[in-house]
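This is the structure I want to talk about, given as structure tokens.
Naming follows writing order (A, B, C, D, E and F), and every chain is counted from residue 1.
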Amino acid sequence: MPRDEAGILSEIKRDYILNKLKEGKRGDGRLTTEFREISIQQNYVPRAAGSAVVKLGKTKVIAGVKIESGEPFPDTPNLGVLTTNVELLPMAFPTFEAGPPNENSIEIARVVDRGIRESKMIDLENLVIEAGKKVWIVFVDINILDYDGNLIDACTLAVLSALKSAIVPGSKEGGKDFMLPIRNLPVSVTMVKIGDNILCDPDLEEEQLSSARITVSTTEDGHLRAMQKGDSGFFTIEDVRKAIKMSSDMGKQIREKYFQ
Amino acid sequence: MGTASDIKLIDEKGIRIDGRSLSELRPIKIETDVLERADGSAYIEWGGNKIMVAVYGPREAYPKHTQDIDKAVIKARYNMAAFSVDERKRPGPDRRSVEISKVISEALQCAIIVEQFPRAQIDVYIEVLQADAGTRIAGLTAASVAVAAAGIPMRDLVVGCTAGKVDGKIVLDLGKEEDNFGQADLPMGILAKSGKIVLMQMDGDLTAEEFDEATTMIYDATKRINDIQREALAGKYRALAMERGGE
Amino acid sequence: MPRDEAGILSEIKRDYILNKLKEGKRGDGRLTTEFREISIQQNYVPRAAGSAVVKLGKTKVIAGVKIESGEPFPDTPNLGVLTTNVELLPMAFPTFEAGPPNENSIEIARVVDRGIRESKMIDLENLVIEAGKKVWIVFVDINILDYDGNLIDACTLAVLSALKSAIVPGSKEGGKDFMLPIRNLPVSVTMVKIGDNILCDPDLEEEQLSSARITVSTTEDGHLRAMQKGDSGFFTIEDVRKAIKMSSDMGKQIREKYFQ
Amino acid sequence: MGTASDIKLIDEKGIRIDGRSLSELRPIKIETDVLERADGSAYIEWGGNKIMVAVYGPREAYPKHTQDIDKAVIKARYNMAAFSVDERKRPGPDRRSVEISKVISEALQCAIIVEQFPRAQIDVYIEVLQADAGTRIAGLTAASVAVAAAGIPMRDLVVGCTAGKVDGKIVLDLGKEEDNFGQADLPMGILAKSGKIVLMQMDGDLTAEEFDEATTMIYDATKRINDIQREALAGKYRALAMERGGE
Amino acid sequence: MGTASDIKLIDEKGIRIDGRSLSELRPIKIETDVLERADGSAYIEWGGNKIMVAVYGPREAYPKHTQDIDKAVIKARYNMAAFSVDERKRPGPDRRSVEISKVISEALQCAIIVEQFPRAQIDVYIEVLQADAGTRIAGLTAASVAVAAAGIPMRDLVVGCTAGKVDGKIVLDLGKEEDNFGQADLPMGILAKSGKIVLMQMDGDLTAEEFDEATTMIYDATKRINDIQREALAGKYRALAMERGGE
Amino acid sequence: MPRDEAGILSEIKRDYILNKLKEGKRGDGRLTTEFREISIQQNYVPRAAGSAVVKLGKTKVIAGVKIESGEPFPDTPNLGVLTTNVELLPMAFPTFEAGPPNENSIEIARVVDRGIRESKMIDLENLVIEAGKKVWIVFVDINILDYDGNLIDACTLAVLSALKSAIVPGSKEGGKDFMLPIRNLPVSVTMVKIGDNILCDPDLEEEQLSSARITVSTTEDGHLRAMQKGDSGFFTIEDVRKAIKMSSDMGKQIREKYFQ
């Protein structure tokens, strides 16, 4: 992930955050297990099949879902198709550049996609129009509007919200429109390691101070559905166990608060 | 302009398909400072259009060979979100976006006091989140506000507005069906105070008289749109003043 | 548009042109409403369905038309297809570079295309082979060979000439070859503003001195079919009215002289 | 993870479809110095995987703006040959390759003493000649050996290994069918001595208990794999010593 | 070479399908100074081929890392217009064009006194407006004239010419049908005075004896083609002299 | 072709090689007509339809063949399709860069392809599944692993070996698997000119010292099937005749030694 405008956090800011952490506190006063404020605006783009704008602290993303008919993959003729794309819009950060997806946007898209896909959130079996020939393709496009850390979770929340209210345009294929069939709600929780601390939902400054990142996606049953370690630092196995626990707890809270 | 159609777009009383009179604008709402990271930002809802604009700069132009030793270069980038239109649009610029980015850059170049920032560039990112006819002029209208909100000195605000011909009549601010099935489309960008034309494109079929009628209608609307722009910026400065007052 | 080799016109040249303009004259002695000499060589490339080389002063372009069968656009199943492409060949100017179309060549192609398309010059309704399935696709490709200003008008003239003599290879689809059905003749006139003067058909030096450019395309009936303002200067509404009048007058002259 | 299937992947005796026990690795063979031109190289056969790795560097990072004034930047490039998979793969990076290149670069960054080479880059080219499940961890395992063979100072060798869930059971080192029809996949990269985790991805369905079982299995295998790595490097140094002895 | 066919390309009297004898060239016409902007230019009609060539340079090689401190670099770009061939060709270089650009660049590099212009590049743009078999050698022939017309010092003019095998016979300067249905194609680029070979490609089926026959035919034609080149350049200098005389 | 790391061969090395050549010897002791040691490992990648790793001195390449069904070219509806691609992997040389094929890899691929194609080595007539609709497509992909000169011949050898053992997966199209039908064995021999000497199978240092390159491909009957002159130097017609003779002789030896 890009550093800030100057490429480095100021010494003073760095020291302040690290000193606070010694006391078990974060720069903005949060607990290590605490998310920033989340706000979700569903159906922001009525023209899309489903959509949502999510603010996670000062990070802001929009997800839009389009559902169109098309050919299934040859090796899964009886399943609908899900594709996920993330655009790091140059609008969102001074050093983001327009252009094809880079390794950062591809990683985010793939981690978000994995959480959705592996949880079997979308009932792809019920998105077949004509077996082997025609299925519904669910295009999920996520645009980053404002970047202040933890894009993976912001994107996951936006996708969940967009998919939950998405409508399949069945009438275009001689049937009826119907709600996109949803089974599970995978919530991702991303944490970073700063010193020996594991902090969830890092903001940009914390991302810059951290040595490594880990994302854990869980479903209602508490099962792990996807994980991703990022950045060039390391985790111990104890760190990972702690992260799994944190994700499971926070995932439950988020699911209850925002998706009931 | 679009395909011929049997749809009647204006009824015998001169009422348009969405209930507007011939010279009526769709509802317009502008907000500033909607983004944290950008140097300036604005959001516009114009009819069903939803467009976000961010401004970065002035900053050193890069790559170096794009620098102008006399003035700042304006690099506007008009972009449509994949989900903004009826059929999913593949991400990335198409030929239409490239052209629109060019004419918007040129329009802003004329409004900004670019001479104050030699060798600099000012980036204006226009993201169409939902498209509903007239995105380029709505985007330009918002871009102008976002530049002002970034504190970049301007000669004048640019107001974007469209007129067109529908069912043989000149109308203001084409809606989606009017855009698809109308007979002419005339998007313009006008400096609010001086009335100078900084963007103009046209396609379809207009006589010189119809052109005059259409531009008169646009100039008339310019004042109304500019009021909304200035109100949005005033809101920003009122808010700033209150913050200061509170100190 | 690119500046000249040095990137700037010499002071002397600039002063000379500006002084002349004060007397209402142009650098090369033309009237403000006067085009440079036009020469048209039709059917330059017999292998194409239609073609023409146009010289407009020292500007030289070639247009070639290919007509092949293919699928219609989904939203216009009963219309043939027109596509227009412009290549700013590196041959034409020291700073033109090989590569995919840039914003300049895209703008030219789109303005030329708009004039042709909006005038309904080509009778696309009569280019359907099998409704909804197979139509004639008219590929218009324009290559810039030598650049000395006013590419839009040079390209439009070349396209008009190439289309007027183009033959649809109907015999390849079981019918007969036939002339491409042409209805109108849209002529574009491009003007620039230097000081308060509006000059038509600018050469490269005039383009470099000008603050803004405007193109107006009209048909035989004097109606406006396409317009485009370019460059970072401005026009007043009076300027535009003057430009419309000039385009209408010059368009008529060009149509009479070259397309009767 | 893959599609559901009726194929039985583990029999009642706990024997897997390719004859292995639950915690058994596929055969692994590593060679160093398989290429002439590279600064270091290694070749690994792991089950049916055949992967070649070349290392170039440390050399000045290029383009300049990618330089880090404090340390070397590791640029790993994971690439599959067109003929390495069942259906011909079009040459060039796809999204999957880009992600794998990123996580492998990050894993190596942690193992190499990058602080010794400010402004430098170390290129690690991983070419999959034949793919047979687990290419990323096999590639990482070989890459670590190739870096060492290039004489680049490392904190520790990185060992790659996968565990997963198949027919409801946790198993080590998924084979091709297990990868296609299993229920979970957990590739990891571990520093051999310290046990630190430098690469971890997971997809499928695991409980926290199953995760513990899987990681225990992986840690256990790490030692065995690291022995093979060290043996390959020892072979190299024995060979070098013999050469010197012969002088 | 092309597909087998039943078409008889040479009749019993040794007359070819377009009426030529075995060692007869198609009509060739060369003009110089056909473009205003370029530093040198030439136009060639060779049979149905119509090709325009522009030369720019010597100018500073860009980007800098392409500079050669000892000599100028020749960058020829062979390009076919979309409408130049039977089926519309998508604009931009395909693999065939890239290869032809390379061999033409190399051929010209040998003919131009590149040592006089260290760090420079000379761009040679070859645009095929209509293609009719033998575009590369016609392009090379014209390129050589355009370089000379630009006043760039040359060791020698390069002459391009093709021979081939058709209906079992060696013939000069393949026409379109001969190219499509013949058995061998041998395009060559030859320095006019010294006879040195600077371009040669071949495909099809030739014995060593047939190769000798073909090259003899080409060398013979070289003189005739070179006369046309020199006549075109002489025309230019005559014209220049007349201009001067008129002063 | 790229120069060595420093971009230039050391003076000393250069003088050494040139002096040796005066005595008719090469830097590594070979005759001018002698190839470096060739080793061929066939079926290196069992997952491919055919494959081979070839070492030619220190140059190392791998060729893999995939055979899949697909559409024929419109102008050859009754022929299978052959496509050849070469990747100059960054692994192989310090200055090779990842990315789309450049002029060097395209030239190598096209010269190798031409030798195979023009010799009619593969019996494309017997690769038709359904005339005009479905044929076998033979994808030949060659990756350069280690570069020490003469890639064209190394690649040709690898392709020959890979094709000779390739199996067409006929069972996927309702028939039986069968050996790819092979008729001829075109062997390419590449030579360079250093001073007045023509040396075959140049290593990297010889390539760097040479002024021009020539490749001649011949079949069993001694006929020429493909030739390519490369680099910015020249050959005399006598040089070329000598090269043809050398190719014919060496081609025969290679064919006998490695492909009987």
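Everything below uses one rule, namely that a contact is a pair of C-beta atoms (placed from the backbone, for glycine too) under 8 Å apart; a residue touches a chain by one contact, two chains touch by 3 or more.
Treat the numbers as computed from the prediction; the structure is a model and nothing was measured.
S.K.: Name the chain whose C-alpha centroid is most distant from the C-alpha centroid of chain E.
M.R.: A
S.K.: What's the farthest chain from chain B if centres are computed as the mean of the Cα atoms?
M.R.: Farthest by centroid: F.
S.K.: Counting in whole Å, what is the centre-to-centre distance of chain B and chain D, each centre being its mean C-alpha position?
M.R.: Once rounded, the distance between the two centres reads 52 Å.
S.K.: Distance between chain C and chain D based on Cα centroids, please, to the nearest Å.
M.R.: 58
S.K.: Find every residue in chain B that makes contact with two or more other chains and list them.
M.R.: none
S.K.: Would you mind listing the residues of chain C that make contact with two or more other chains?
M.R.: If we look for residues of chain C contacting two or more partner chains, we find none.
S.K.: Chains as vertices, touching pairs as edges: which of line, ring, star, complete or other describes this one?
M.R.: Ring.
S.K.: If the ring is traversed from chain E in the direction of chain F, what sequence of chains comes out?
M.R.: Order around the closed ring, chain E first, chain F second: E, F, D, A, B, C.
S.K.: Write out the stretch or stretches of chain C touching chain E in their complex.
M.R.: 44-48, 51, 58, 60, 62, 64-66, 68, 85, 87, 89-94, 98, 100, 139, 141, 143, 145-148
S.K.: Using the touch definition up top, name the residues of chain C that touch chain B in the complex.
M.R.: 75-76, 101, 103, 106-107, 109-110, 114, 117-118, 214, 222-237, 239-241, 244-245, 248
S.K.: Mind listing the chain E positions that touch chain F in their complex?
M.R.: 1, 3, 74, 95-96, 98-99, 101-103, 105-106, 109-110, 186, 191, 195-208, 211-212, 215, 219
S.K.: Where on chain D does chain F make contact in their complex?
M.R.: Going by the criterion above, the answer is residues 35-38, 48, 50, 52, 54, 56, 59, 77, 79, 81-88, 91-93, 123, 125, 127, 129-132.
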